[in-house]
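By written order: A, B, C and D. Residues from 1 in each chain.
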Amino acid sequence: MVNPSAGGTETHGDPQSRLPDPVDTALRVRYGECDPQGIVFNANYLLYADVAFTEFWRATVGPWQEMVLAGFDAVVAAANLRFRSSAIFDDELVLRTTARGLGETSLRSDVAVRRGPETLVEIELRHVCIDVSSRAKAPWPGWIRERLSPPVGRS
Amino acid sequence: MVNPSAGGTETHGDPQSRLPDPVDTALRVRYGECDPQGIVFNANYLLYADVAFTEFWRATVGPWQEMVLAGFDAVVAAANLRFRSSAIFDDELVLRTTARGLGETSLRSDVAVRRGPETLVEIELRHVCIDVSSRAKAPWPGWIRERLSPPVGRS
Amino acid sequence: MVNPSAGGTETHGDPQSRLPDPVDTALRVRYGECDPQGIVFNANYLLYADVAFTEFWRATVGPWQEMVLAGFDAVVAAANLRFRSSAIFDDELVLRTTARGLGETSLRSDVAVRRGPETLVEIELRHVCIDVSSRAKAPWPGWIRERLSPPVGRS
Amino acid sequence: MVNPSAGGTETHGDPQSRLPDPVDTALRVRYGECDPQGIVFNANYLLYADVAFTEFWRATVGPWQEMVLAGFDAVVAAANLRFRSSAIFDDELVLRTTARGLGETSLRSDVAVRRGPETLVEIELRHVCIDVSSRAKAPWPGWIRERLSPPVGRS
């Protein structure tokens, strides 16, 4: 869905580093998330993507609030969703979050919403790093960048 | 639903003042607020109550953020809901908010969710005034109290 | 919070039966569930209660949809919430659901929203059994009633 | 944002017909729609887009349920969001919905979320017509198609 070689400043193609491993998050569909068609209301997939990305961040960088306390935040600049099939109440879903490209101030990722072997919804996200006090775009601080682009050979 | 004479410190029974007039707020049910039964999901009535109370506040006291900028906020301490009938997608509802009792630090009110002549849901709320910086319970500041208990005779 | 001996037709006081055991459900607070005060928006506790009750039902009676396919549903007739303290983003909560009284057509329960040893919010619920096709109130079918009031002595 | 000449089967370029006029929908941001950053949580813009599209449909085709009762529904197949700036609590927004291309079974549109002269968020939508009973993709029925592509010269 995403061409990781597209962004010139991205480290993805850097032979000295790689992007982190995908992270899976399990989630059960809540009744209140479903609409009169009996399926998950479309806006809730973007809510799911936020849950998934938060867990990706926890596994890869650390708890979200650790970043905020350090003076940085990440906001969604773009989101593209493709709805292929529908989840229903009580479905057990797996959200797979995969980093696709790391820029100076941004991170592209995608979240695949799966039920068993089937991908129901595909979501591409672009997050941008901001400074919490000024709310202006900011380069990723070094410690975050390192965790998002671990050098080849690490474990 | 509420006994206004119950609270000893409440001004409701004070012959020199009264509680403000009820405020009506119109609202159309959104598709994403309805569940697989085709009706508004129960938690969303509490969301509606917040919308209604915000409009009551605007009409009676002023914009909510004016209070926050002045260093005070109001939080919900209790909410009781009675579900009598169901609203469905695209229904045009009227939310009637009525103040029921003003205390030193609290305000009791109720919100009636109506569709035409029918009351679908009854919601009792108890808000408590807090100091924004300490987040501790605080007496209503004078200017808010005056707007919530206008002297008798004021048009 | 609830007086289980209050309802005359309730089986709770029946020496031949008892109510089912409480059921705990773990839940992590999502970012989108929090408001500008940085705390869980009050309406979302009613959403949490629904998640908790669904898991109570799964553990005690079976999957919710099993009931619906058998022609019955349970709707919330009343909900009372007491907000004592606030949950924040990323908190790990435990929702304890306890049945409090079983009537011919109703079930009273409460959900305690806990963070560690602290109870943040207390929610009382009254569900009513309805017939799916007519949407009219209906007595609990025997198989549901049996699972909600297991005879004393059952493991 | 959208190239209306891209879809081969679209009537947009048909000199005998045109797409309907944009429809504006006013909306005030609710407190519970905002997150701890104090801004509208990103998923809620997709909820707003659904509100806007429903009003576009009402103005152009008729009430949504009229279509459903006639045996058809429209589901979102794709949504792309660009977040340029943020709305906050109590903001009065205008959502402008513009049809961009009509296919045999689909409709492309976009929703611009505006605050005064500023566009905060741009959302592209692709809806697909389905048969309510089979839930399979279906051509737009004639009466819907006519309202979505009024002949040039009408009013």
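Just so we're on the same page, a contact is a pair of C-beta atoms (placed from the backbone, for glycine too) under 8 Å apart; a residue touches a chain by one contact, two chains touch by 3 or more.
Computed from a prediction, not measured in an experiment: that's the story for all the values here.
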When B-C and A-B are ranked by contacting C-beta pairs, first comes B-C
In terms of mean CA position, the chain most removed from subunit C is D
Per the C-alpha means, the centres of subunit B and subunit D lie apart by a whole-Å value of 33
Note: subunit C sits from subunit B at a C-alpha centroid distance in Å of 26
Distance between the CA centroids of subunit A and subunit B (whole Å) is 38
Where subunit A touches two or more other chains at once, the residues are 31-32, 37, 41-44, 47, 50, 89
Seen from subunit A, its contact residues with subunit C in the complex are 30-32, 47, 50-51, 54, 63-65, 89-90
The residues of subunit D that touch subunit A in their complex are 37, 41-44, 46-47, 49-50, 73, 75-83
Residue set of subunit D touching subunit C in the complex reads 31-32, 34-38, 41, 43-44, 89
